[in-house]
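Look at the two complexes coming up: chain A is in both, with chain B in one and chain C in the other.
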Partner chain A sequence: MKDFAQINRRDFIKLGAAAGAVGAAALGSRRLVAMEQKLGGEDFSATTGAARESVPYTCLACNIEDGGIAYVENGRVVKLEGNMDHPNTRGKLCAKGNSGFLHIYDPDRILSPLVRTGKRGEGKWKRISYDEATTLLAQKIREVIDRANTENKPEILNEIVLKWGRNRTGGAAERFMHALGSNAILHHTDICESSKKVGLEPSWGPDIESCDWANTKYILNFGSNILETAYFMNPNAQRLVDGVVGNKAKLVSFDVRMSNTSGFADEWYAPYPGTDGAIALAMANVIMYEDLYDADFIRDWTNVTAEQLKEHLKTFTPEYAEEESGIAAADIRRIAREFATTKPATTFSYRGPVKHVYGSYQEAAIHMLNVITGNVEKKGGYCLPRGMGWPQPEPEPPKGRVPSLLATPPEYPLASHHVSTLAPYRVRKGEAKVSVWMTFYDNPAYTYPSSHVWAEFLKDENLVPFFASFSPFMSETTELADLIIPDVTYLERHDPESMPSGLYPCLSIRQPVVKPLGGTQEFRQTLIDVIHKVDPDGSLGIKKYFAFDTVSDWMRAHFDEIPGLKEEGGYNFLKKKGVWPIYGKVDPNTAKIVDRNGNEVEADYGLHRKELSASDMEGAEVDGNGTIRKNGKAIGVQIRGRNYVGFGTPSRKIELYKESFKKFGFNPLPTYKRLPTRERKDNELVLTTYKVNVHTQSRTASLKYLAELYHKNPMWIHTKAAAARGIADGDLVRVTSSVGYIVTRAHVTEGIRPDVVAISTACGHPSYGRLAQLRQREQAPDWAQGAASPDISNNVWWDDRGVHPNPIIRLAVDPIGGSQGWFDTLVTVSKAQPGDSYGDVQASVEASDRDYEETLRYAYNGDIHRKNHPEVDIEWDALPPAELEGVGHPDAG
Partner chain B sequence: MHEQATAVTSTAGSTVSGDTVPELRAQGAIHRLLARLLEQEIDADLLQLLRSDLREPLAAVGIGLDGLMPAAETTDGQILEALAEEYTGLLVAPGGVSPYFSVFETGCMFQHPCDRVVEAYHAAGWDYRRHYSGEFPDHIGTMLGFVGILFDAEADAREGITDADAEEIARQRTAFIVDLLAPWAPGWCRRAAQAALHPFYRQLLGLLEQMLWSEISALVDRRQLRDIQLSNRREPKKLDYNADFRKASGV
Partner chain C sequence: MPIGLQAPPSLGVPGKKRWAMVIDLRRCIGCMACVCADKAEFDVPLGVWRTVVKVKNTGAFPNTKRHFMPRLCNHCDNPPCVRNCPTEATYKHEDGFVLQRYERCIACRTCIAACPYNARHVLPNNRDHVKIGGVVDKCTFCNHRVEKGLVPACVQTCLGRSRIFGDLNDPNSEVSRLVATHSTVVLKPGKGTQPQVYYIKPDRGLTEQAYSEPVSYAAKADARAFYRHNRSSKFFSGVL
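Showing the complex of A and B:
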């Protein structure tokens, strides 16, 4: 007997159809629930299932300093992810950050100190111990100190030079140099955004803005690729998407190239390079003349009147801006009205406007749009950056006694972030002397304009008698060193951090997530060792500034006494959590920071309107302009009887009118100056560069995850410009500037202005490891693709490492902010000539020398400066002299 | 771990080598010599030894010492400097030939192959202590030194100098050679010899390659030997690059 009827497939299907009709909710397991996406915080071994050790850290793949968690298994970092406790990065890392652990195990990493044995740059080395290496460096430094003391010339100490590219040591590098008595500290900021900083600092104190993207309704973006690469890319990109998608904000983007940010925008405009300032001034003109401005804010919080501004802006009409930029006056007018009438609104700017001669004016003009519309420090507006400080261990060394010509050239008295680009020219001309050149996180022979000049300079033992690098990688610059004392990677070292990467101020820590690989030594320890060997018995008075037994002692001195943090455990708290304070948790649905009740933890706004307390006011005086002073220092501003903390300027108001600019013959109000590149010939194009989302400028080409994503950088050229030159997509082209030429390939696209070409950075490394170079020792060609690694052997499908544009980019210095004018080089582009090969580079040192002389003419004591500023009412013959001591450079020591 | 390498395991039937004690001692010594020559730079004492006691035996296996002999106006210091420079360029500085098992197998320093090597050291009662920064237990020189120790230990056990089990030591040695050296070390020697600029290191690496093959072929059967040969022949995949395959933009 059969218990069941014979059933066939058709019967099953019928039953299924009937069951389906019942509805999903009525049937099915009541036990299974959808897996919740965990928002980080734990991770498990794929082989054993055991929980992996998690260690918080602060990223340094680039400069944004995102909060991260490293997962460690068997003493190795196996995975990185964002730290959910970091209020600004909210548990997210970018591609660079996720790949960072590859730096640790990179087979091309330098793990042992190396001393040069052949000629400089020849690549011949002998390994030595850290002890021998620090002894050698200390000896070279001591020789300079002894000479300075014997000759009683403290200026000799400035022959000890430290140049850094990315210094996130929290004051350690500066402490080292000041302890040695040298002010010859060269930043990289002038090849980055120093003109943005100098466009902002005199006006409102800090050097950057913090936009409240998530809560805004209108964003004007000038030359910034927020979604991919700009300052605070990760946190800003998250909030920009929150604002545009979640809050329906309108995004208008000005950029010569269709970046992904411009692609995401509601409207994209491609102005002529270096004319963003004219557009911003024209918008200000519309806002002022159509009475769309915030009269109360201008009256209360600036040092100008509306009438003054109107008078100043009179000639900067939309029609004028159209003439300069190529953007239609009607669009400029409409956007100005929209910006002024949509509340809240904000601007953001980065490399596009400021990496020009006179970039500081452009930044000041863009900044002014927020001020005149009263969007400053409002929810959804243009806010002050929020950061936190930490104390330096006592005693703290004073700066050196004599200013350094290399660090603070007197022709650039307003360039508070130094002008390092001029250094090799000055030394080559005998204007400054070097005895010991040290370099940290720096690669000028690759990253600087006319980079060939740096290579020539550093190769010359007469100009640079001793050159020590602290790099853990063999960069284009480090390969020229006499001594390499390798630092560890950022996942193996200590630093205090606080980046104003959002509206929630916080402190964070960088700490070793694993032991430094192979017994390597972090930079901070190397500094301690060198100082202890320079001044072994303390008789020079230097050793006392480095009285740390361990690096941890040094970190405790930073963190253990900070009010609030101290009560929570100081250094120990940061070691455990990575960041302080903890504002709340990230809501998995809204991505907002919420408290334990699920309520949003809002950022503070209106920082300038915080009122001074009675104790603050005790003994304070109020001057005629309302500035409140105490002990000779401005501490606030009185407005209609109320005492506010105000802004970080001398008057505690926003100083759209900058007295400091006028002193040196610059226009004290935001203005626009036509650049020489605006006068290009018909066959010329403006060469621009850009960063890409998966690389830093120079340090990431050796990381395999990132190299696979992006490894070659063809030149973007507009369809019409290409057609006019007979160039097709992928063609080999020769790009020629007044400095020299490169041979690369063309990427023909509609996504760029017809009179501009663009080449990305990060490619075309002649050094920096097997992936960056795609070759190794010439004698072993089979090794070239890295036979060692299955990944490299089998998965490197490309043999194109790109072509670096920097050798043909002219040196051009913004006379105000000191920034390099990266986008101030004119080029001609033609099909490659017979004999040209992909990757050819020709660059002339003599041509770069001429650029040096030319750019000095724009400095405040140069002849072009005066010619370019007829509107400035000043005694031109009575300008302060350009002397090292006397001009009063803000950082002259 | 490379697929071909994992196919090779220590299944060799014979553990006790059948070598006489003097033969074991000799093999221990040659491994120790090669270990010393590869693990770090040559110093003055070693240079003297190479020129005196070891000169003839080395010449007999094809290692000429011309490059180590002082020519006119050349001092020992200069010779040592030149050797140190070559050693650093070949085995230490970026751009050379990384001497680590981990790098050969994974492309990264200090990975799981390193753990396997350390496990073997620990099992035999040995630990690792680096001399310079940037050194790891899976260095070819250190691994050869460990094999030398095992040869000596087996000889000691055979002679009753220690209570250790000679057969167990031989098994450890065989496993170490077959599992941890055979899959990569001979091939590494060939590539490193190609990259060497100084004839002494070139010859030294050539000798090591031959010695390893000789040793391995005595420990495994023909089929395993074929697998090991394949594993050591691993070549970088050559690119058949076509510039037109992708647009220049890479997108």
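Showing the complex of A and C:
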């Protein structure tokens, strides 16, 4: 994606300067006649009528990073609204975004650092100052650094671990860890969507597609819930509705459960979990064998031939896909024909297909449908994401010297987004050591598969001698910490942002819209303070990477030197406008971005077809495949005499054939592997999870507006499956996997496959403040320092907080993408037994340990891997060894 | 002659405004952004709503559909709540807003009983930052915004652009164009209230759903808890 960010920046700087001038002018009179009321951009108090102060920011209720405007009255944020200048989110916020300001005023917010006084997890704390807290953390870190230096073992530095969930610091957290010399940076991407990323990146460079929803005519959705939750929900949902209602596009959706997206679709199909790839391959088979493919595009822009694809797809017939998925071959054939012959068309996929073992194959198969039909980078088609970058302040610390086993397990050399789920198992087995564990925007004791293992692990002072959390909320994970240095909420801190949430690349800013509540300190400042205390005199050579007097200085270093933005005012422009560039205005009737004459400011298409300039070509060489190289780096591709930038791959073409996969015994072409859950016993069901439109995974249960709308998560079960088990709607049921069981209630519905059950996330919190636990009438615990909310204390009317499914979900790692197979757990469901009560949870650490051993067998050096890949023609006995330093993990070291 | 503080119906009267909302149900995705924006706009406490989105599933597997039905005060051109208010707390503005004057309201609930749409509620006293309670409240069509040239908050944030707001007396307005070019319905037209919220593409299931009882155990259990808490209202929202 970096390559494209650079191209984009250069191109859009020109456009940005032009559009910025236009944006300042008033709309033409033609438009004013049609729509007399303004959509937004200013706000007035409902009680006094007074204008409210407005401050732009970037949302972080979830991870879409919508542009927002906060309205402030008497120093209090009273309302949030979308920023009309944001070209992709266009003045709209979703339910979560609209409710995000409640985070600030959460009565159970932590407003001062806390140090543990009782046993770990006992809930006894002493309030200390930020100065004392950063001194304590710095001292713990310094001890590790001193030991590494004394023993001359840089690997000791990897005992300093930072695990984050939602890191939108724009490089600050990485800078901190690299400055300390540690590579033990654990992401959450593998419990999110990393197998999708790994299915895409080797093929065309970036990690996601950006669909031109508004202009398309046909959408094939595989397992994503675009209208509720999937990546870029708000901007994608806006454009999807424009496409389907406004542009008369057809939406065909594959999902095991009737989500709002599938309930909205023209056609909904519910395949067996984990078989989307078989359907996509069968569609590709139909498209290739019925000659419906784009021969020119395959010839010019891919590293395979049509004949090669036909040969590969021969056995993936619609009948085969019907056998695997349960979707009729006739439907698969018809949809394949419609998809290939309706132009433009696009697929979109998200967690449904990819959160399985072998999820990356499924993503690659879906991606291929767009490639063989030539819909890539077309108006109305399947486009590359458009993001922008920002420079990091110099000097930048180099990565640590030794790769970290916890961050980059060598068994997963293709998992470019890391595998974090294995960490507690490895530490418990003595394979890696931890001295200081830090956690930021992360709650694995609630959000991870077999979440009980994380709670056990973090509770163990022998395994995790020191544990610091930066969370402002008492989550299931943070309550186990020794030290809490609370960050502020996203409306009170600084971050640079850019999200490819639409076809217009832009930068945006997060900034305090009010003074941080209760004298709290933002994470960025805490990092500066800790570093300055670890290396007070600069003798360790670390302090120079944090030579910022203030957080604002740091932000200036990101924004003040970007060409184009610099001329318009750099950081000051972003502080005022929130987003850059300003492409135009949102037309109130069409929601398109228009210039002052009301004409659409059209997005750029065909990014791969940008031609290289003569100066780019100076000193470049073209190899036999057309790849253009300069200074050892592939910069483009020559096709029939023209020099294009191409795609972000080694050949600069779309690499449907992935050499990197083959090296480790994986099929280099998109394929399908039957999962163990396909061998289901008659009484078993596949457990799936999902998110709803008004919640994130774990952070929003404490927001009153959202909790009021959705607070309990009964298990969806099909009418027939329920009847076969004697279960009626609302019955108490016991759901049992090989890890343990939970007791919840049944929601009997027609909207789910009969062999699947579904339980949403976001409910059943055993912590996360009083409201999430429905203990709002109790007295505030000592650590809770927000102002009391009379509304929450008195007006909560619901009496059910739900039951969380994660403890019984098995650990399962995709051997390619490293993702958690969230939908690979089989369960039995029965009426609750005598003595069972709602919310009971029983989960075994030993059973999860067995899952750990089992899932490693699927890794490239495991025995099941070889058995599952007889078709891959390599020297199986000469696979590269799974050594930390040997494999060349993309991010190692 | 109108009774109470009732401005005469303004629909189609030259020189008058008639604010109205069109809700294009083809475009509603049930995202609940409007519900939350409205809660924030007025610091609406838990347990009451000025606007909700009703959810209904229809069909049998695999031919199922999900429908959404946003609801709010209809700002009737002939509002029964105004006729029935004994203290003239509720009145109709000449531009069409049906509004509430808190200082005159004695919370007698007559208007609540008179409203065929369940669109009114009694404000609880325990609120976070707006300290008005113990009186009847309702959707105002965001008249405080509209008078400053803005659309209502729910329209502003509507992801699907399902909610459209404007002056129905202006033939060039978007609402006029939509009402003129689409078949629309209003709720309970037989009550003679002349409601001014127009729905595009409602199928039978949808209009019925606006008043139907909850079906699933999950929804019924919430409804029970809600009624226990707030016996005056059946106007509540939920995702299940």
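Convention: the second predicted complex is superposed on the first by the 837 of 893 C-alpha atoms of A that agree within 3 Å, B and C clash if a C-alpha of one lies under 4 Å from a C-alpha of the other, contacts with A are read in each partner's own complex, and residues count from 1 in each chain.
Just so it is clear, contacts are C-beta pairs under 8 Å (C-beta built on N, C-alpha and C of every residue); 3 or more make two chains touch, one makes a residue touch a chain.
Quick caveat: nothing in here was measured; it's all calculated off a predicted structure.
J.: Should A:T150 be classified as contacting the first partner (chain B), the second (chain C), both, or neither?
T.: A:T150: touches no partner chain.
J.: Does chain B (first) or chain C (second) touch A:T520, or do both, or does neither?
T.: A:T520 sits against chain B, while chain C stays out of touch.
J.: On the A-aligned overlay, A:T749 touches which partner chain: chain B = first, chain C = second, or both, or neither?
T.: The answer is both, since A:T749 touches chain B and chain C.
J.: Return first, second, both or neither, reflecting whether A:A270 touches chain B, chain C, both chains, or no partner chain.
T.: The second partner, chain C, only.
J.: Who does A:S613 touch here: chain B (first), chain C (second), both, or neither?
T.: It touches nothing on chain B or chain C.
J.: Let me test your reading of the model: by the given contact rule, A:H718 touches which partner, first (chain B), second (chain C), both or neither?
T.: In the superposition, A:H718 contacts chain C only.
J.: Go through the superposed model and pick first if A:S837 touches only chain B, second if only chain C, both, or neither.
T.: Once the two structures are laid over each other on A, A:S837 reaches no partner at all.
J.: Looking only at contacts as defined up top, I'd like to know whether chain B or chain C touches more of chain A.
T.: Between chain B and chain C, C touches the greater number of residues in chain A.
J.: Should A:R76 be classified as contacting the first partner (chain B), the second (chain C), both, or neither?
T.: Touch status of A:R76: both partners.
J.: Contact-wise, after the overlay, does A:D799 reach chain B, chain C, both or neither (first, second, both, neither)?
T.: both
J.: Based on the A-chain superposition described above, do chain B and chain C contact any of the same residues on chain A, and if so which?
T.: 76, 105, 704, 710, 712, 714, 729-730, 745-747, 749, 789-794, 796-800
J.: Could you please specify the touching residues of chain B with respect to chain A in the complex?
T.: Going by the criterion above, the answer is residues 2, 41, 81, 84-85, 88-89, 92-98, 100, 103-111, 115, 130, 132-136, 191, 194-197, 234-237, 239, 241, 243-244, 247-250.
J.: Touching chain C in the complex: which residues of chain A?
T.: For chain A paired with chain C, touching residues are 33-40, 42-47, 49, 76, 78-82, 91-99, 101, 105, 227-228, 234, 237-238, 241-242, 245, 258, 260, 263-264, 268-270, 588-589, 591, 692-694, 704-706, 708-710, 712, 714, 718-719, 729-730, 745-754, 789-800.
J.: In the complex of these two chains, what residues of chain A are touching chain B?
T.: 74, 76, 102, 104-114, 117-118, 123-127, 129-130, 473-474, 486, 517-521, 704, 710-712, 714, 729-730, 745-747, 749, 769-770, 776-777, 779-780, 782-794, 796-800
J.: Provide the residue numbers of chain C that touch chain A in the complex, in ascending order.
T.: Going through chain C, the ones touching chain A are 24, 26-27, 29-33, 35-37, 39-43, 45-47, 57, 59-62, 64-67, 124, 126-130, 132, 140, 142, 144-146, 148-151, 153, 155-162, 165-167, 170, 172-174, 177, 216-218, 220-222, 225-226, 228-230, 237-240.
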